[in-house]
Amino acid sequence: MIRAEQLRIACGDFRLGPVDLSIPAGSYLTLLGPSGAGKTILLEALMGLLKPAAGRVLLNGEEMAAQPPERRNIAYLPQDLALFPHLSVQDNILFGSRVRRLDPAASRDRLAELVAMLDLEGPLTRRDISTLSGGEKQRVALARALLPNPQLLFLDEPHSALDAGITRQLQIKLRQINRELGVTILHVTHDQEEAFMLGGQIAVLIDGRLQQLGSSDEIYYGPANLSVARFLRHQNIFSLTVAERLPDGRMRLRGELDLVCASGRDLPVGTRVAVGIRNEEVTLIRPDRPVGDDLRDNLFAAVIVDIFGFGGYHTLVVKIRESPATIELNLPNCAFRDLGLGTGDKVRISLRARSLWVLPPDDGEPRGQHSYMEG
Amino acid sequence: MTPHHNRAFRLALVLPLGLLAGYFLLLLGGQAPYLNGSTLRAELSSSTLLDAIRLSLVSATIATLAALAFAVPAGYALARLNFPGKRLLDTLLDLPVVLTPVALGTLILMALNTPPGRFLHSLGLTLPFTVAGVIAAQFTVVVAMAVRMLKASFEEISPRYEQVARLLGCSAGGSFLRVTLPLARRGIIASFILCWARAIGEFGATVMVAGTARGQTATLPSSIYLAMSAADLSRAVVLILILILISFAVLFLVRLVGGRRP
Amino acid sequence: DEITVFAGSASQPPLEELAAAYRQQTGNRVILHFGGSGTMLNQIRLTGAGDLYIPGSPDFLSKAQRFQLLDPGAKILAYLLPAIIVPKGNPAKISGLNDLARPGLRVGMADPEGVCVGLYGVELLAFNHQLEKVRPNLVGMVESCAKAAAMIPLGQVDAVLGWREFGSWNPAASEVILLRPEQIPRIAYIPAAVIRTSSRKRAAGDFLRFLTGPEGAAVFARWGYITDETDIRRLAPQATLGGEYPLPGDWQ
Amino acid sequence: MIRAEQLRIACGDFRLGPVDLSIPAGSYLTLLGPSGAGKTILLEALMGLLKPAAGRVLLNGEEMAAQPPERRNIAYLPQDLALFPHLSVQDNILFGSRVRRLDPAASRDRLAELVAMLDLEGPLTRRDISTLSGGEKQRVALARALLPNPQLLFLDEPHSALDAGITRQLQIKLRQINRELGVTILHVTHDQEEAFMLGGQIAVLIDGRLQQLGSSDEIYYGPANLSVARFLRHQNIFSLTVAERLPDGRMRLRGELDLVCASGRDLPVGTRVAVGIRNEEVTLIRPDRPVGDDLRDNLFAAVIVDIFGFGGYHTLVVKIRESPATIELNLPNCAFRDLGLGTGDKVRISLRARSLWVLPPDDGEPRGQHSYMEG
Amino acid sequence: MTPHHNRAFRLALVLPLGLLAGYFLLLLGGQAPYLNGSTLRAELSSSTLLDAIRLSLVSATIATLAALAFAVPAGYALARLNFPGKRLLDTLLDLPVVLTPVALGTLILMALNTPPGRFLHSLGLTLPFTVAGVIAAQFTVVVAMAVRMLKASFEEISPRYEQVARLLGCSAGGSFLRVTLPLARRGIIASFILCWARAIGEFGATVMVAGTARGQTATLPSSIYLAMSAADLSRAVVLILILILISFAVLFLVRLVGGRRP
């Protein structure tokens, strides 16, 4: 197992940490964060490739940096891939097996297995890796890391150049490797969907700081702060005030919107808070349908002001009547087509009390909301 | 992509190259009037010529290989390690390039007169006027050049590859042998070619240290020099041609073999 | 007026002094190029440059004449006498030619196949029936007079068979062992001649006369050369002056 | 405008084309395809950077390759970025403006605008581009391409290293550049969601062949062949036989499932066809709700056999009762939570007739279906 | 990353470097016994020494710059263009490296005797025994080396950068000047250093073409040669020291200036 204690890294102007983190053997940790957050730096520091400015990293209780890299038993897929330019595709993949003098027959079997899994039959015989396409390079680097059956697997955005089909297969495969073989995996990604799908612990890194560490549900429904919420594209964030604590333990909030929320936080009346809800959690109520009990609390009449299609779903931007607030919500494609919605149409939406999160706005005034049109 | 060079740019590229080629051809062809069939025949049938050719080839090759054997680790150490005095050492390496080979030969002889030199002698390694001296002189002339070129080659190779290789299970030495060395292949071949060419043409230091005993320590260049200092131009021209042809043949072969992917 | 002289490097110190003196006297500038005599001969042959040629030994004079590079009327500036040169103090205790045959001794010499002093050395050894005995001791064949001379200060050999004048080139490091007069079969000299392609033959002839005149002789003498024929005859009464000696057929 | 005529490229063993394609001035064409399909090769051939084996590319009627590259007025964001290693970040971005001698003041303004848009304030002052993070490099390359206000913009996977937030902003921005400034954009991506979102024409490239060209709706609902369908992750594909043409113009199909579909294709009874539906289009019918008219046709009872969570939605794999077929469907998170579903639960699902597509299985036997567990 | 070299590997790296450094120091130090204060003083006060130093510095610099002026376009052309006979031309470039400089000097003199050489002469460019000859000889010795090194540098630079630069609006010449040339900066500096060092130490060809007239065509190395051929070792040693010091100073400066990022 790997343990970072008060780890700090300085790279030029960039400061990372202090990070305290422990990655138990056999766990699957996803490191999620925006571009430039320091994910690669943290990963390399955890591998002992970067010298910490302070703190230390332990591998099974021993100082990581004190052990020769070849003894650390870490397979690394770097973001820049670092395929060996002088070796053929096959020799690149087999590199680890050769230098560790693994059984050649076993390595050949494993090679065949990886090649099939990664759809690399064509490129396998290529001598010159510079002729590979972007995604092929990434898959070769992944195969090279996986081949020697490592105990620790460090992956830096392993799927960034791959299409959804193969990405999904690989995600499944990685979970399987983790569960069935007990391989500890540290997986860096900027893709929250990937992080949620992988199912292990998620560490959210923003601006060089570990903002939150938790299961996908914890992070999905309860972002630790506004940076995390914004990064996770919680597009509906409002700055409200605690108005009343209801007898059932819920709170009533007032401001640009009047909301009831189920948050258990013990905030005194009068506190200014940030309240948010994910697009996916906003419910559009079909005109022909009765309103369910759980949707009654935060029910608003609204008007559609914008529509974006994404293939599988549409995102609607709606303006709440009698409030300056706009709200974004996602609608599955079939529902969108059924309803035949267009800009200007009137709809009813509900923000379920238990989907709302509440945060004291300690890291600065919350911005009203992010809109797609901001960019 | 078709390069799409406009004519002025293409001319600016091709003209200097053409001029150089013309100049070098002129240098090669200017000898013709001094070439003399009977001297050529006489020289080709002389056994000392064969001796000189053999010695030249053998000594240049040994000296170059020895130089590379030092230069590969030394160049790598200079490229990757940091230690006090590194810059000074780097400057020291310019010594044999800056110095006229004759002067360098003199320095070698002087160094042999120092206690470490005499110690070497007491071990049975006699350099003055021996084949060992020929090789030592050529080695001295080319080794610094080799270190310099290999250092540059190694510096161009990102240490990233070694990092990744080591995580994949390579020891420090293994990652050097399996990754860095093959990646420096072009640089190594280039420095072999340059050093070998310089060694086979080397004469100042060689003559100073080893003399020009025919059949013993006389290389092709020292035979050329002897012919020239005996004012025997037609023999000199014959020998020059032979030196050029042999060297070109060897260097062409090295390129052919080295140019192939392993 | 300005003349260009190609001279063997052995005569460098006296010639530089004389050129300076000549300029002071006549105002005429003498440009001196020094180098190997054969190299200079090639340069004259290839460029047609220069006015006066002063090689280090008579063999180059004959070669230059064979290529018809010179005007007739060559002069002798100084004589060169074969001798043994040893390091200062004569650590190997060499007293004469026979000592060179002592086993284990390292004897240096110039290459007889191109350098006059080497050629005359071989003749000297053969003449005195020492050639076969000394031959195993001959360690280096260098390609110029100067290198033969430098072998002593550089500590490469125990003795050099060279010119007596080597001693005065490096008085601090070397010592001269003179041979017995009857042992010397041939002596050499430093010749000088006007180059055929010269465009300033008169000026060249003037400077040549200055060199062979009393002032020239005095300067050469001061640098340890023998300039007077009677002096040299005392040291080598039976020796032939200049000329070529055919190397023995088994020389290799 | 750009026109490819019978364009064929050969790169080693890889063969691309023949491609006939025309990209009108001011259009937005997305080139979508899996890794190794030949997207980068096609893009570079369309730019005249690769010599065609046959056919030709015309730029405004003139042979592309005959024009010096600097006159083609194409801004290119290569997949490998090719940032100039000897220049600082700022000099990299300003390169195009300097060599084209654009007005320095205008360029500075534009620089400021791009830096703000791409969130590059921090890295802007960096001298050494090798210290940039993966995503920062990509953004710098994008800024470099955008700065000189090109007439043609060729982007090779411009967002592969970027997180969803900035990707969304940039997508909006690119659409805006295309619409407001009339810039012709050719955008390569492996991400179908991105392709659908961008809203222009989509060209699907698989195995070196242009498989389909059309609007996002056309491609979403009507994949041209099974390769496209599989690549677009239509997970539910069945091999059935046309059994009957119904009086209302629809068809009844039989096989492992009995389906009614609304496809207009004129297929005779007895033809074997491939029939498919996207996960998003499969409707799970809430137990407490009446079944709408449009959901009655292909209504099946099923059992949940597997569940995958992806943050915003869950994917359920259900087995149809009295049939060997399994079907995948996506369920928005809130709905999933509301229903409290688990493996083994019984559900009713409907495959709407008008969401089904039908293809003659001309390119090989359709595989039953892709499963997540395949990888 | 701490390199984590094990001791054997580290030793295998450092030992050759240490041996080389020791050897070179020995070469430098071995002269000490021959050094002689009065000769040093006499030499330092001689005006011809100053002339020789000045000529050496000026001619080596001009020859090197001229060589680079040819070698930059020629090396680029060799790296990027394909034309028939390219391999032959490449081999031709080994000529000056393979040949003893004295022989090369002879070839230059011979070439001057050919019609093109005489044409040059008729234009007023006289090389034999002039300063122009010194520069021409040094140029000839170093130009091929420069072409070879720059060709290697340019080959290492991916043509991709030029492609991208051209699409961004650069002409062929512009992309060469703005992209390729700065990217080859290290190679250019390295070849400047090597060529300058070789040129300032060059003596064989120089002496052959230009002679050794003091105060006129005598460079530092030819003065060293003169001192040695007059068997004047103590003068030779003084001159060698001066040559080494001056060259080291210049090369150190070049490294300092060139090592900075532009």
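Chains: A, B, C, D and E, in written order; residue numbering restarts at 1 for each.
By our rule, a residue touches a chain if its C-beta (ideal position, glycine included) is under 8 Å from a C-beta of that chain, and two chains touch if they have at least 3 such contacts.
Just so it is clear, the structure is predicted and the values come from calculations on it, not from any experiment.
Enquirer: Kindly list the shared contact partners of chain A and chain E, in label order.
Expert: B, D
Enquirer: Among all other chains, pick the one whose mean CA position is farthest from the mean CA position of chain D.
Expert: Most distant chain from chain D: C.
Enquirer: Which two chains have the greatest number of C-beta pairs in contact?
Expert: After tallying contacts for each pair, the winner is B-E.
Enquirer: Would you mind pulling out the distance in Å between where the CA atoms of chain C average out and where those of chain E do?
Expert: Computed from C-alpha means, the inter-chain centre distance equals 35 Å.
Enquirer: Averaging only over C-alpha atoms, locate the centres of chain B and chain E and give their separation in whole Å.
Expert: 15
Enquirer: In whole angstrom, what separates the CA-based centres of chain A and chain C?
Expert: Computed from C-alpha means, the inter-chain centre distance equals 91 Å.
Enquirer: So which stretches of chain E touch two or more other chains?
Expert: Expected reply: 1, 4, 6, 34, 102, 106, 110, 112-113, 163, 166, 171-172, 225, 228, 233.
Enquirer: Counting only residues that touch at least 2 other chains, which ones in chain C make the list?
Expert: Correct list: 36, 39, 42, 46, 144, 147, 150, 154.
Enquirer: Where does chain D touch two or more other chains at once, residue-wise?
Expert: Residues 49, 68-69, 80 of chain D touch two or more partner chains.
Enquirer: Which of the residues in chain C come into contact with chain E in the complex?
Expert: Against chain E, the touching part of chain C is residues 4, 6, 9-10, 12-13, 16, 31-36, 39, 42-43, 46-47, 49, 144, 146-147, 149-150, 153-154, 166, 169-170, 173.
Enquirer: Show me the residue ranges of chain B that touch chain A in the complex, using the header's touch definition.
Expert: 158, 160-161, 163-172, 174, 178-179, 182-183, 185, 261-262
Enquirer: List the residues on chain B that touch chain C in their complex, please.
Expert: 48, 106, 109-110, 112-113, 128-129, 207-208, 210-215, 217, 222, 225-233
Enquirer: Looking at the complex, which residues from chain A come into contact with chain B?
Expert: Those residues of chain A that touch chain B are 47, 49, 68-70, 72, 74-76, 78, 80, 82, 84-86, 95-96, 99-100, 127, 144, 148.
Enquirer: Of all residues in chain D, which touch chain A in the complex?
Expert: Residues in contact with chain A: 11-13, 33-36, 39-40, 79-80, 117, 119, 122-123, 126, 131, 133-136, 138-139, 157, 160-166, 168-173, 190-193, 195-197, 199, 216, 220, 230-231, 233, 278-281, 283, 289, 292, 294, 308-313, 330, 332-334, 338, 352, 355, 370, 372-375.
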